[in-house]
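Here come two complexes built around chain A, the first alongside chain B, the second alongside chain C.
Right after this comes the complex of A and B.
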């Protein structure tokens, strides 16, 4: 087994571009998501007739004080063009003490923005009305500000053990999703190299040597597994130490998940190799099917978006789904071994079945 | 060149099973995605559901009584005490909070259950409920003291949750909104009393705001988006396939024999490009037509629409053809494995950035900026604008950009392609 393993390593050293390219894409993806991804919705506003720039900016500052939106002042033409072309959901026309939301249709976002703007405008009107009765408006606002520093009603959020309540980190999910997805591709191509060897006749020659077939398979597969593990680990380490993602406290569990997942995707690639005949076919079909997997597993969307039963069912057969569940459970929800043993068991089961069927198919074909 | 074209078409014909496969997969994908994310383009939110418990330690009636008796014991004049008590009874904080939390809008999202503290904690830990909202003892009294008499520190609502999910975040936002409004009202009243304003004066709020809809713009449906995105992606895979077929030709030294026969190497490349054009045109047309008839994508659109649509489709296939030429050139220049890796990586990257693998609207802002800088992204964006608006101006702008891409890519492939005497 070791000579075969080393042979793969030497081949890699001679032309390491594929692995390097995929690792760099993973890192680039981590970088992309690690950058301050503003999950707030950006809204374009523009001035209507008779509104000065200062007035507009004053309103925009008030609107940006709270809520999940970032309002910014832009030119009317650009904002409307973006709405027409479908690039933004809506634009806001600021009028004198009034506003209009311009949209193509009333989506949920439009309603949310409308609610927020109503609340802010009404509050500001009440303040203005009350301040108009006061002798000194500035003193009025000052008095309000000091009062608000010690407000009567507060909200305290915490977890049941008393620590701080964190909001869901979508970036972490995207990071995990992408790393696992790219690992699938790298591993797939490594396993594909095995088919290439079969075609070029190397495989048959190695069979004639004292090496057993088991050892040959093991050599190739452990190599692919190792490369997959190295790739994912590198991305995780970079994410944690360079970009400051918090991956939870239990590295043992994370490592276990990564190892099992890599084994499962090696097995899945084996299955594909068994079904498809030539390396070119593998390349074409594998790269078409693999990008669908993160989509069906809901890796790109907040959890709970996918409600369709059929898709949830299909998702159960994808290793990506279970690995993602386990990883998120460990890093965000701080689950323990008892919670994640179920996804891990499913991964193991999938690995065993895929290996069995895949190797069987490959052997029977007699390349 | 005609001979090479014929050769390439025959090579494709030999592999027709694979071509049928790569026709079926995008269809399946489009259907799956369209079902998976219906209304994704129109309404990118999920239906949030949450089970939460209300734990109320405070007794509102008792709190009001305590407030009233404390007013008496302060020695305030009777009328003033009566006024203050009126205000307190008029809008007691707990009732306000309850009204808000049990309003129709919130009820559609949150299922409330009233429990005591221990039961609530138990259920939270077992996962039956996701959050607990707790009102502590003497809540009413503390709040009234602070708002009406400016004494004490007020009170705090506690939100407890072990589940850092979006739903809990939304609940937190809702309660924060309520506290903000409540505090602002009492701040206005408080600052107002400094300047002798009666607390009962409520400003008349003008009705403002509203939504204007833009006319003449259709909204893109998910099925339309996915048909275009997936169709374009698989068309680009055709380019990768052409390049892969070149591997066999490189290995079998077909190319060298062509050179020996005296043909110009670029005729070979031209044959490949035209063959890719034909194949991708066939593929894209079939995918879009089948989807149109099965999913009724473009019901009753005008002839003008279809004219622009076909023009744009042609542009996409030209891009694919150009890419095919580029990939073939790359294949001849480098080791096959390396070239393959680079091609796959490139397609992956422009596929993601171009919004072919996931709807562009859910990707981070930085990626969305790059969207129109990729050929497929630019094409998708132009197509979307065409469907929504049917404005020739926008379409021609897009086509100019696409032509620039095509010319650049073909120039690059001609430049990299090995000349006579190179291989």
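Right after this comes the complex of A and C.
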């Protein structure tokens, strides 16, 4: 086993670029796409008939107090021209006690803006209605603001372990998603080296040596697993210590998930190796299928975005989805072993099945 | 020492090797000749225990290799037809790997690597990557990798295919050295008749999965002892000319060559004047004509009706 392992390592040493590039891409993608998640959507507004500048600005201040949008006042012609030419999704016409959203097509953003504006207008009208009964409207508003800062009832949320509930960190999910995805490619190409060795005749030479087949498989598969673990671990360490990502406190559990996930993707690559006949076929088909996996697993989208039953069903058969669930559970929600045993058990089951079928197919095939 | 008994192999109903029986005595150098697709590589795979035969057995000192593959693997070095090396590693690193799989200890491995590099003449280039080597140099390292564990039997599957003359000569010298100096038993497969003639005392000729002739050079040569070979160098000729030559009574076989025709004729027959007359009748310019005793290549042509390189 050791000579096979060392030969793979020597090849890696000679050309470590793939692993290094994938480590860089994992972090860069998480930083790049993760930072986009914090950017607020800019919405142009313009005054409708009979609305003064002061009234419009007051509504804009109210709308900007909360939510994921920045409303700004612009000229009607410019705002509408931008919508018409596709430079912006929508524009908002402010009316007396009402508004209109102008968009060329329905989208999630339009729905979110509609929800936000409806909530703000609804609240403001209730305050206005209450203020109309007060003697001094300004004083009433001030009193209400003070009252809301110290409400009689406070709702406090915490995690299942009693610690503070942290807001969902999309950057962290992206970091996990990209690093798990790119590890699949690294591991896949390492496992594919076995097929290349079969075709080049190295495999037969090794069979003729005192080395057993079990040792040959172990050498290859141990190396592939280890290189996958090293790649993911390096991404996590760099993300934590260099870029300040918060990975939670259970490093042992994260390590366990990473080890189990890497073993499962090695097994999955073995299955692909068994099904596909040549390294070229593997290179073409594996690299076409693997990028779809994070999409189906929802790795790039906020939780709950994927609602399609078919996609959710397919996702159950993808190691990435279960590893992602477990990693997010441990690092964001501070879950324990009892909370993540199910995704880990599924990963283990997949590893056993994929290895069994994959090695069987590889052994049956005569190159 | 090594013997195959009625060895056969079929793939999906198609018989690739059909009842091959051959033997190798200790220290002998034996050639296995045949055109592409004759079944040489499949026979080698079965002898080396890589492939199980459909029928028959391989015996090493009387013991079945099929039942005890480890026995032959200990004493066998196989040089495959393909370059079975890691292109990304250096010659030294490749040999280090192949030495390690034979469980050679560090000091022994180091001295053995230097020894085999010396044999194949690439000691000075050991630190260079295989992917930077020429085809001939790769083939020499391919051979070196099979010699690390001091094999008693070496099987070489067409080790000189597609290489430059210098590397080819080096490989032939290596085979001679292994056989004559070190007493290694060699089974050498090739479709280059002259290589086998130079290196091997005995040979087997295979075609369509069967051994069609075997023996020493002299024994095989006697197959055509009652024939002569005529090489005709012609500028241009047509099928009608070939048919007329073929119809001449002493002519047994006609084969096209790069420069004209090769005829196998009954020994000492008076056919030359008829050939010249035919050439004149068909306006074929006869540039040269050479009569000689048949070579092993001619024997192969006689036995199979085609040349080794077909």
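In this text, the second predicted complex is superposed on the first by the 243 of 367 C-alpha atoms of A that agree within 3 Å, B and C clash if a C-alpha of one lies under 4 Å from a C-alpha of the other, contacts with A are read in each partner's own complex, and residues count from 1 in each chain.
Note that in this section a contact is a pair of C-beta atoms (placed from the backbone, for glycine too) under 8 Å apart; a residue touches a chain by one contact, two chains touch by 3 or more.
From a predicted model like this one, the values you see are computed outputs, not experimental measurements.
S.K.: Looking at A:21 after the superposition, I want to know if it touches chain B, chain C, both of them or none. Which is it: first, second, both, neither?
M.R.: Only chain B is touched by A:21; chain C is not.
S.K.: Quick check on the superposed pair: does A:244 touch chain B, chain C, both, or neither? Answer first, second, both or neither.
M.R.: In the superposition, A:244 contacts neither chain B nor chain C.
S.K.: Just to be sure I read the superposition right, which of the two partners does A:84 touch: chain B = first, chain C = second, or both, or neither?
M.R.: A:84 sits against chain B, while chain C stays out of touch.
S.K.: Counting only touches as set out at the top, which of chain B and chain C does A:50 meet: first, second, both, neither?
M.R.: neither
S.K.: Between chain B (first) and chain C (second), which does A:206 come into contact with in this model arrangement: first, second, both, or neither?
M.R.: second
S.K.: With both complexes superposed on chain A, which partner does A:7 reach: first (chain B), second (chain C), both or neither?
M.R.: second
S.K.: Would you mind listing the overlap between the chain B footprint and the chain C footprint on chain A?
M.R.: 15
S.K.: Under the touch definition given earlier, write down the residues of chain B that touch chain A in their complex.
M.R.: These residues of chain B touch chain A: 18, 21-22, 25, 29, 32-33, 35-36, 42-49, 93, 121, 124-125, 142-143, 146-147, 153-169, 172-173, 175-177, 179-192, 194-195, 197, 201-206, 208-214, 217, 219-220, 234, 237, 240-241, 244-245, 247, 335, 337-338, 340-342, 344-345, 347-349, 351, 357-358, 362-367, 381, 384-385, 388-389, 394.
S.K.: Under the definition above, what is the set of chain A residues touching chain B in their complex?
M.R.: By the definition above, chain A touches chain B via 15, 17-18, 21-22, 25, 32-33, 35, 37-38, 42, 66, 68, 80, 83-86, 93, 97-110, 114, 117-119, 121-123, 125-130, 133-136, 139-141, 143-144, 147-148, 150-161, 165-169, 185, 189, 193, 280-281, 283-285, 287-289, 291-292, 294-296, 300-308, 310-311, 332-333.
S.K.: Please output the residues of chain C touching chain A within their complex, sorted ascending.
M.R.: Its residues touching chain A are 48-50, 70, 73-74, 76, 78, 80-86, 88-89, 93, 97-98, 100-103, 129, 145-146, 149.
S.K.: Spell out the part of chain A that touches chain C in their complex, as residue ranges.
M.R.: 2-4, 6-7, 10-11, 14-15, 200-202, 204-211
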